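In the part that follows, the structures are each spelled out as structure tokens.
The following pair of complexes shares a single chain, chain A, combined with chain B in the former and chain C in the latter.
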Partner chain A sequence: MSVAAASRAAPRGSGLARLLNGPHDIGRTPGAWAVLAAGLASFLVYPHWATAFQATNVAYYLLNIPMALGLSLLWGYGGVLSFGQVAFFAVAGYVYGIVAGNLPDAPWGTWLGVVSGLGASAALAAVFGYFIFYARVAAWIVPILTLVLALLLSTFLGLTAGSMWTVGQVPLGGYNGMTGIPALQVGTLTFQDYAFYYLTVGVVVLCYIGLRAWVNAHRGQVLMAIREDTLRTELLGYDVRREQLRAFVLAATLAGVSGLLYVQWGNYITPSVTGLQQAALPVVWVAVGGRDSLLAVAICTFLLNQLSYVLSSAGNQYALVIIGALLVAVMMFAPEGIVVTLARRTWRRRR
Partner chain B sequence: MPEAVSLLYQFGTNAAFLLLSALGLIVILGMMNIINLAHGEFMMLGAYAATASVQRGVPFPLAVLIAAVAVGLFGVVIERLIVRRFYGRELGALVVTWGISLILGQGALLLFGPFMPPIAIPGGAVALGDYSFSVYWLFLIVLCGVLLAALAFVYRATRFGLQARAAMQNARMARALGIRVDRIYMATFALGAALAGLSGALLAPTTSIAPFMGQQFVAPAFITVVVGGGASVIGGALGSSGLLSLVQTPVAFLFGTFSGTLALLLTALVVIRLLPGGVSSIGRYFTRRSLAAAR
Partner chain C sequence: MSDGDALLRAEGLCKRFGGVVAAQSIDFALRRGELRCVIGPNGAGKSTFFSLLCGIQRPDAGRIVFDGRDITRLKPFQRVRLGIGLTFQTNRAFHAMTVAENLETARRGGAAGDDVHFQTALASFGLAAQLERPASALPHHELQWLEICMALRRGPLLLLLDEPTAGMSPAETARTAEVLTALAADGLAIAVVEHDIAFVRQVAQTVTVLHQGAVFAEGSFAEVTARDDVRRIYLGHVHEAAA
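On to the complex of A and B.
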């Protein structure tokens, strides 16, 4: 969607509602909002018919959505591709595990873990992004270097076996990873089973609403302007480097949110979460859904996570081949993404 | 004296490894502004082709050539079917070649199983003082120089090289002059793939051969490309592998292999911060100055 189209579409209402109904996502008609509300309602009532195990599984399909949304913001809206979102996912997970695991008795220990996990992801992204964006490198360098970052992090975490790699009382665990990570707690409530499910749904909805407002707000529009014409945006007085760095840090923090939810889900984390195969997955979710639509990315992330879970739990060795072929096919035949293409086609037919 | 030679040997092997890992990638990037993320898997295919040939009794040097030709042909197929649709869309090309790499890695696992028997390192070792040096690695270091010289010859002295450089500088103008830019791109991609296959086959005896072996080349190869930049293929490859090896050799010697690779990444960050176009842009800078001085 071009910047020109954005300025033509006059936003209605005011405040958050106006931002949410801005032009930079699919699903702006009243009908679409009704479908969205119905979808959310069904997620909210789902646990009534589901066992705790099923609800936890559904939460697992959902928990990668913040990371995917962050990549959608960066790549689809900002034109900056990152292959290393999983690195920030892993950093948040590991740091949470270290902090929360060292404060098992403090009531606020897990929350300090959340803050430091997200802070570590954002700090790593800020330092790494400073070198990349303030150098104004060519577009292909960002994905390459972020991929190398993720791979090196995975290699490093794999080397952390043995007692010398124990932080406080938490061993990092090398290839076997970190186990027994405590779940979030508020008073006597521990976020497991149904509580974890509702936490995940809530976090995902908040991330989506927040980002949808963000891309329709001024900052988001500047980001899209940089994607469309970097030089012109710069001549209009915006610091392109700072805006890109800001989006990069935001996307990394969102990847950290997914990492935190992941360690809540399984109470463990291994170096493979930031390995080459995992690093490919966020790109697949975003590309297949449609990178310049947050909603399409969210839907696609949910469905593809379900697909890979089903494939891998059935012991299917073709999972990676299928995912790779899906990526190639989408890039060749539906470069806008499957969900976006379908949505736009349906919308046109109704007109 | 032997210590100095040993250090030089370490430096040479590291630089040769970086250069071999990255050469095919740099050729494709420099000419077509496309990053082939399936590069590591192309190297894996080269290693597999060489191993399969050696197992059937083919002498190793011939097996290496077979691997290069086979992967080059495979590169043509990939270019015609997929990559040519992504010229001018660098991010799209990155993503689609990543999809190809996933298919190739897992596909090799399914087709050929998790292990291939290793190839013995040809040649023995020569001793100097208390140190011994692998003849094969010495040969690889020399071969790197030969490969670069051959590439320089192709680009500077052949008709293909002239047309390729024309297509690289201004594709539309080259087309208007009757150069079949499409063919040039195809040939360049095939050349890059063949170099990847060649490197994979050459490095096969020095490593374990497995479906996901391509992954170990990803970090060094891509860092070399980033540091080298796309402005000049030969200068970028040589300058980048030399500089990186200069950093990596002492760090890896003192703190271990992983620290060596980490030092590569940190060097890359510093280099792009100072020279966003990579070390090959230094050459361009001096050329421009001498041109300006001539005027």
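On to the complex of A and C.
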């Protein structure tokens, strides 16, 4: 009797709905799901009242969410802090630009760009992560190593000015970056304006749903077990290095998704996307929202990107200072994150 | 002791930490279905011996054979997958998870064996009725029991326990001893590193005494505790500590 009970009680691979409602994210009451559904509905109808320019701006606030969710998985759920997610963002964007830019006439050129971009991010993470995790590098060194990766990449890309750095017919462009990157196409539909907006909303929702199921499924629980007690997890028979590498590659691929959306948005990419300022931002979004809640991270990433955009387009040169001050305030007064703290107060139950 | 048919055999295990010799040539053999207690004064090398067996430390010399296989160079998770279950001195169940999630995480650590011992332990420790509780809500002794159940979840051939009754009341200790004795009678090999003499008296068929990183004495509880030299190095310390 007890084995059957034990199997029934534990979350199994069956049933997406059950996984989605598992204990490892905020917002599990019917009321919370209703709020989420209403939120999604308002994103879906928003373009009805908005200009294409406004819709594209909102898509810009959304497009970093996959990268932030990946960092939430890696750091909040897995206990491994990466300061270098922007490196994978940049690799996907650049590789997409090179591949799609060299195949302007092929109908599948941009899609080959997507596959290569994500593949390049995942491959870089697999190689880099292999050395980090299989060498059992101490946890506190990982943020430094990943930051160095991002800064090296930024420096290297900055040196790629001139004709010798032209791949096929696409110049990498040094500090000025790569311009004229083609937008995704299906037949005659080009993902710009409203189509880009809906693409972004769809990708963000898919990433969120997928990760929420992941953290409540077995692989996610193993990740949390490693965060809580690495040695204990290993002594239950888990190859901790492999589990951490898997999460690292997944998080890097999600950063690549954001990089791909970014080059759709502006059709350009520069080395500054993987520079010091940008490298710090995902950590801020995740920490301010509440790193061990995917939903909190998604909401906070959207709001902070909007805040940054509004502040800097209003000519306020203190945008970064304000975001930084917000981080300090959150760490002092709501260390679990603003959104998580507010959600707990509202719903009075999380776990 | 002897031992063509030993399930676990350690030969000449040595481990130094800088100038400190934590283990010098430990020889140890354990049969299937045997329940063994490893005792010794503080600093005798019990913890080092335990971590050499489960692979947290690698020996400087010597080898460990488990179930006919040389496991000296295997990593901890590989040893667990071959059929070694273990618990630590301190509570290390996952507090953020429920009892059921803890057991599920333990179940999926690798290929599963026969879970008859797990079922016995889960029922005997009364945890079957508490599957939905968060582990953080369990009292100390039930957390220790949960960890024993987790170690048994995948049907190991050998259970290694490091002070499983630390912090338990006499009644809880006695119940732990009862359950472990029953598991050994069912054919499970168990090695327990323990301080609690009442527990050792209740469970042990054979007792191994470690002293200064080597096996000092081995035999039945009565034999070992009757020896003057054992009383001097070990039991004397216990009485002083208790006084």
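What we mean here is this: the second predicted complex is superposed on the first by the 334 of 351 C-alpha atoms of A that agree within 3 Å, B and C clash if a C-alpha of one lies under 4 Å from a C-alpha of the other, contacts with A are read in each partner's own complex, and residues count from 1 in each chain.
As a convention for this text, a residue touches a chain if its C-beta (ideal position, glycine included) is under 8 Å from a C-beta of that chain, and two chains touch if they have at least 3 such contacts.
Being a predicted model, the structure only gives us computed values, none of them experimental.
Novice: Under the stated touch criterion, which partner chain does A:Phe131 make contact with: chain B (first), chain C (second), both, or neither?
Specialist: In the superposition, A:Phe131 contacts chain B only.
Novice: Contact-wise, after the overlay, does A:Val222 reach chain B, chain C, both or neither (first, second, both, neither)?
Specialist: In the superposed model, A:Val222 contacts chain C only, not chain B.
Novice: Who touches more of chain A, chain B or chain C?
Specialist: B
Novice: If you stack the two complexes on chain A, which partner ends up touching A:Gly237: first (chain B), second (chain C), both, or neither?
Specialist: In the superposition, A:Gly237 contacts chain C only.
Novice: Given the touch rule stated above, what does A:Leu320 touch, chain B (first), chain C (second), both, or neither?
Specialist: A:Leu320 sits against chain B, while chain C stays out of touch.
Novice: In the superposed arrangement, does A:Thr155 touch chain B (first), chain C (second), both or neither?
Specialist: first
Novice: Quick one: is A:Pro335 in contact with chain B, with chain C, with both, or with neither? Answer first, second, both or neither.
Specialist: Touch status of A:Pro335: first partner only.
Novice: Considering only touches as defined above, state whether A:Ile144 meets chain B (first), chain C (second), both or neither.
Specialist: In the superposition, A:Ile144 contacts chain B only.
Novice: In the complex formed with chain B, which residues of chain A make contact?
Specialist: My answer: residues 75, 79, 81, 83, 128, 131-132, 134-141, 143-145, 147-149, 151-152, 155-156, 159, 276-277, 280, 283-284, 287, 317-321, 323-328, 331-332, 335.
Novice: List the residues on chain C that touch chain A in their complex, please.
Specialist: For chain C paired with chain A, touching residues are 54, 56, 75-77, 80-81, 86, 88, 92-98, 100-101, 103-110, 115, 118-119, 122-123, 128, 131-132, 134, 150, 154.
Novice: Which of the residues in chain A come into contact with chain C in the complex?
Specialist: Of all residues in chain A, those touching chain C are 1-3, 5-7, 9-11, 23, 218, 221-222, 224-225, 228-229, 231-240, 351.
Novice: Which residues of chain B touch chain A once you look at their complex with the stated criterion?
Specialist: Touch list, chain B to chain A: 29, 33, 35, 82, 85-86, 90-92, 94-96, 98-103, 105-107, 109-110, 212, 215, 218-219, 222-223, 225-226, 230, 258, 261-262, 265, 268-270, 272-274, 276-277.
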